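Listed below are the structures to be examined.
Shared chain: chain A. Partners: chain B in the first complex, chain C in the second.
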Partner chain A sequence: MLRFVPALTIILMIGPVCAGLIGTILPAFGYLPALGGNRFSVGPWQDLLAQPGLGISMRLSLVNGLAATLISLGVVVLFCAAWQGTRIFSVMQRLLSPILSVPHAAAAFGLAFLIAPSGWIVRAIAPLGGWDRPPDIVTLQDPLGMALIVGLVVKEIPFLLLMTLAALPQADADRTRKIALTLGYGRVVGWLKTVLPRLYPQIRLPVLAVLAYSTSVVDVAMILGPTTPAPLAVRILGWLSDPDLSHRFLASAGAVLQLLLVLFAIGIWFIGERLMAHWGCRWAQNGARGRGDDPIRTLAAGAAIVSALAVFLGLAGLLVWSVAGYWAFPEFLPRSFSLRLWMREYHTLGAALMTTLLIAGLSVLVAICLVLGCLENETRRSYRPGAGALVLIYVPLLMPQISFMFGLQVFFTGLGLERSLMSVVVAHLIFVLPYVFLSLADPFRALDPRYGQTALCLGASPMRVFWSVRLPLLTRAVLTAFAVGIAVSVGQYLPTLLIGAGRFATVTTEAVALASGGDRRMIGIYGILQMILPFAGFAVSLLIPVFLFRHRRGMGTQNRI
Partner chain B sequence: MSSKSDHDTAAGSDGDTNVSNIGLELRQIIVRLDGRVLVDIDLGIAPGEIVTLMGPSGSGKSSLLAHICGTLPAGFEVSGQVMLKGKPLDGLAPQDRHVGILFQDDLLFPHLSVGGNLAFALPPEIRGRAARRRCIDAALESAGLGGFSDRDPATLSGGQRARVALMRVLLSEPCVLLLDEPFSKLDAELRDQIRTFVFDQARARGLPTLMVTHDPDDGAAAGGRIVRLA
Partner chain C sequence: MRLFFAGLSIITGLATATVSVPVKADPAPDIGNWQSVLEQARGQTVYWHAWGGEPRINDYIAWAGAQVEERYGVTVKQVKLSDTSDAVAKVLSEKTAGVNDGGAVDMIWINGENFAAMKRNDLLFGPWVEETPNFDYVDVKGKPTVINDFTVPTQGLEAPWGMAQVSFYYDSARLDDVPKSAQGLLEWLVKHPGRFTYPQPPNYMGSTFLKQILTELVADPKVLQQPADEADAKKVLAPLWGYLDDLQPLLWRDGQAYPQNGASLRTMMADNEIDIAFSFSSGEVSSAIEAMELPDTVRSYVFDKGTLGNTNFVAIPYNASAKAGAVVLADFLMSPEAQLRKQDPQYWGADTVLAMDKLPADMQKAFANLDIGIASLAPADRGTVLGEPHPSWMELVETEWQKRYGVVQ
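The block that comes next holds the complex of A and B.
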């Protein structure tokens, strides 16, 4: 029974991606019998290439994706190089971790409230400038997509930092760093020359996931990105939502183009890696010590702090707007506060929250069971999957969502499962599974195998060893994985929208739908709602072990993540 | 995991004279990893006898113990036969072997109380809350830990934890006791005390005992045969 779990997990994770890709590629070449496309043609591609501004959309996606990845990786690498092993490092680590659970859309709205021409930053400096009207500058949805890049960077920094932290011990970073210091190297240069080459291969897949995501993001781009024209992925969604069903063919061709664009971006990244490796090898051997690195260290800390601050202030902005009464420019705070909108929308909000919780709860529950099954199976067989398995886990994170979600919708329709709770849960599972696996695998594998051996030798069956020894010892890790899964599911926009076909209004689909409207109070409310479930998840995952093991001091140090 | 023995005919006749068919017998055991021979041993241990196995680290002592337990990871090749009370252990699941093992860490389950750890080991045939509780309290009493049942293992001293770990193994009614450098993490003073306690208990229960160690004092204290691995 247990040995079929890994296969089932892979089928549930990779199967929908493959089915979705096929369901996208066929219509891209004119084949979709349900809409009358019975023979193959290049018509959709001709339509696509005839779209005005297609080149600009493609350029925006490509440049934004590469820039956002490069900047966030740069900040994380410099910050680690400059501050690893210091107090500031552990403080920043604690500051950035909660940001990981903030849905992308909520962070993007918060940032928008901060940097808009009538946002908090301008309001703060308005008295100095003597402005009584928002200045006539474009800070949001700027044609170059700078706001979009910033929005992506502030969310990807915590992700990459967390991945780097997990990889540091494997790269033997602490001792390597100290050796470089004793050889007279400055902190930053020593780290870059010795630790980075061993670290980068470990964080390569997460970096590529960030690149693929940034190149094809939809929700953040709808909030912060340019509109005339929008990045490619946003335009594809527009074509998919067009009442004229024949636009589905055009959209499918666009989705395939988006996939090619992501592959192209990854190709460029690979070339960049090669060049950096070549140049870096020579640089590492030139003996330059780089001792005077204080300015770089300050810069690195500054960038990390500003990025964290941007998210936190943004979230505060959401909160203030959600309860704001009359609030004119350039006042720093509203004249009055009111819960009027919260009360008026009470039922809608509650319903959206319940729908979100239902989808998240189900998908995470399934994911946890499957992942525990996989890990227990590998423990019992003392089998350690190789690097190939890790790539499989990253497949859903490396594929642009928009490139297979429409195809998956077509596939589910073919099965008669369109717009069902089950199909939405399956769609969420594609993304929840990898994150739950990544979060649970390390602590599970790090558990001292002798606990299991001891229990077996005491006469306990493998089943009993799992339920009464391994699982209790991993309580903390399982609950953390649960919280991670909840945060991932809550943040999903496209899968809910396309697979649910509008039937499932979650806090995230509702929030993003408000993006074009500009009702700041409602946006504030939905932004806060988006954060409630992930934060509650993490709070519960911290509190339950404290309560359960209040008389078990050994559980505090044991299997800490 | 273990291949069929090629040495069945040889083992019985010219084995060590100490070999008793009611103790533990390791018949021509050869443990290989990637073709390299880690352990090559032929040994019999009588009930109540304590045999010390010495060898440098990396000589595969722990692999041999894991093989006897049935928890040796895949990848090792083993030939030969493990017999307990005249019956082969090979092919049995670890939980069905009645092989007790103590590691250098006590490995008390941190999520259970002291009594909970002992109850985990106590066979299910002892039924009823009160009866099980009596067994546990008696075991704790005999280890000089009366009244410790509800304690958190993390609040115990190293010596107390070591004694609880031994009582946990003994309550599971093993037919053989394996010791994997069990005293190496205790400080010198405590070591003698715990060593005596473990050896006395093993002898009193007539358990064939195999101890691997690289501390010569352990072997001297056990007072039994000392086998050296290359």
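The block that comes next holds the complex of A and C.
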């Protein structure tokens, strides 16, 4: 049975993923019969290259993606190095789940309201300066995309931190750290020299996912990013939704370019990894103990706390907006409050939440079973069947979703599978599976094989080894993958709308439609509503281990104060 | 690889056989025989893809759906979109997959470029509009845009259900005197730099602003009613670029950043980032006051030489699954009763497409008695309604704008 799981995974994924790819690549070369494109040509590419400011758009995407990834990884690594095993570390851990469950767009809206020239921070100091008009300064949509980088960093830090937490047990971080301390290393330097080299390979896939996401992000970029010109992915969205349908050719070429750009960014990252490994090796060998690391520790804690604070204050802003009456600049709080909008959403809320939960639950369940099956099969056979083909499942992460959707729609429609719950679940699976895989794969592979071998020697069947040894040891990683999967599924807008043909109204389809009306109150309400399910998922994933392992000291070590 | 594909077809084949939605062909209703249309419609479910960004409008659509269900047994489900182009893309993907029957979209709220594109690519069902009973009330003479969508003849492919006209708005508590022409706006901005902006084209509202200016500045507005390739486009557009070269540096953030859409302009008014904004309906401004998005001192006005006006429509895709149901719904939307409620700012506040003199006396009275809202313009205050230019002008202007002002770094 087990040996077929990788094949099954590929079978389930290959159709939709190839369809999505083909549906982008063919129009990029002029082929789309429904629009009269019957012959291949390089016309779309010529159109694309003739777009004004294309180079700047590409630069923005590339630089922002790399910078956001580098900064968030840097903060997470430094913070772990400086504070792992302390009280502040466990406090941050508890702050994680609320931040992770905030949808990207809602976090970006919140941040925008915080740092805009007419935003909360300025409103707080406006009375001092006697301002009745917001200062004419650029804080959002700045030409270099700094605001966009900040917006990405504050959301990616918690994600990477969570991934790191799930991986720490496999890196045996606690004991390693203690030995380094005993040898006289400073906290930060000791951690970087001993734990990081074992940890990084385990969080590498999530880091690459962050890189791909940041390079091709659309929703956050539309809120915080520059517009003259915008990053490439935002412009692709513009071309795809242009009423002039012939723009789809140009948009498809743009999507292929975006794919290449993401691959290029990953290539640069790989080179950077090599350089870091080379340099880091020599640094580790030089034996410097680096004991005076207090400033670095303060800096790391400061960066982590400021980023968490930014999200929380932004969220508080949304919460206030959701009950606000008229609220003008420079008032710090609204003139009046009203629950009117909450009341009107209350009635439809239950049904939307149930639909969301149903789709998310099914797709995540399937994803986890498939991923565990693949990984277990790989462990038992100690080789990776179809490892090359499994790369396919990451393709959806590398492309702008909207360009991917066209081929996907054609695929499901052609099969006559559209509009059914099953097709929506499969469509979600395409985007959930890669995240579940990358959350689970590295910790699973890093699990010490001697546990399994010992159990086998004691006469346990392979099945029993899986259920009684490996799975319990991986509880934390599995639950983390589960929570990440739920968050990803809940966040899906286009797949739900387009593959479900509007038959499935989820919290997110309602939210995105209502957010297009631009009223901050509605954005606030749905931003918060969208948090409910992911929040529950993350909370459960943190609470279950606490309950399960209340009598297992060793299992709790990594997360103990 | 071959194995995978074989497996794929087996799996999907099994799945198709067991769970796929039975796609039933929906024969074109015989519109001339209204009774048969009603019979065919009964029991159908109409999936109406409509922009869902405004709770009030969603409520109106839900009301219309409940009415049609009660009267004709047609169930209406609104598919709330953030962008109409999603529905267009849906129909396009179905055509690509060869699904020419039993499509997912039964009706689309549409106008302008999206309509032109769907019509050009044969993605619409019809003609059906002009034979529906309530079309008789529509003001074809007085409101020529009800059958000419951005100069493109509708030819019975889409039914009018609301009028829109550009109006500007300002906070009367902050501003006494407002500029009422393109030139006046420029002069006003010299004195108040940074206090005005428009959404970045090709956003619909942003392009509308450019068209508004173009229509006012062009020597002979008639040329805009023809496709752009039939005229000396460079010469026609020259005054617009001359004007914008002066305007751009005076805009909010010196024209280096732009709001996303018309809704962002409302937020910027409340944030006191700008002093003058514009929308496609003065009723929308009244609604925004009611929704506490804007202060109750905001007022609307139009330019002296008139502002652009157009019509909103509903259309039925060529492969819709419930064509008769959609026709019945569209007919109801054009009924005096539905139009009256639509014009009431308490529910929506959008102008009717109907001709008052064609209506029964009691309906005329009901329309006359409507309280239109404090920031709405009464028909008498709206000045001249200018026609939308041909869609080809909009494309030209958007492309050229992007070249000239879209890259400032």
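Everything below uses one rule, namely that the second predicted complex is superposed on the first by the 344 of 561 C-alpha atoms of A that agree within 3 Å, B and C clash if a C-alpha of one lies under 4 Å from a C-alpha of the other, contacts with A are read in each partner's own complex, and residues count from 1 in each chain.
Here is the rule we use: contacts are C-beta pairs under 8 Å (C-beta built on N, C-alpha and C of every residue); 3 or more make two chains touch, one makes a residue touch a chain.
This structure is a prediction, so every number in the text was calculated from the model and none was measured.
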Kindly classify A:Leu458 by the partners it touches after superposition: chain B alone (first), chain C alone (second), both, or neither? first
Tell me the contact category for A:His551 with respect to chain B and chain C: first, second, both or neither. first
Answer with first, second, both or neither: which of chain B and chain C does A:Gly325 touch in the superposed model? second
Considering only touches as defined above, state whether A:Pro134 meets chain B (first), chain C (second), both or neither. second
Of the two partners chain B and chain C, indicate the one touching more residues belonging to chain A. C
On the A-aligned overlay, A:Ala501 touches which partner chain: chain B = first, chain C = second, or both, or neither? second
Chain A residues within the chain C interface of the complex: 7, 10-12, 14-15, 32-36, 51-53, 56, 116-118, 132-134, 136, 138, 140-143, 222, 226-229, 238, 240-245, 248, 324-330, 336, 338, 341, 344, 389, 405-406, 409-411, 413-420, 422, 493-494, 497-498, 501-503, 505, 509-510, 512-522
Considering only the defined contacts, which chain B positions touch chain A in the complex? 66, 69-71, 73-75, 93-101, 103, 105, 107-111, 113, 120-121, 123, 152-155, 168-169, 172-174
Would you mind writing out the residues of chain C in touch with chain A in their complex? 3-5, 7-8, 11-12, 15-16, 19-21, 23, 47, 49, 51-55, 77, 79-83, 85-86, 88-90, 92-99, 104-105, 112-114, 116-117, 121, 194, 200, 202, 253, 255-258, 260-264, 266-267, 270-273, 291-295, 395, 402-403, 405-409
In their shared complex, chain B is touched by residues of chain A numbered 381-383, 448, 450-462, 468-469, 472-473, 475, 549, 551-555, 558
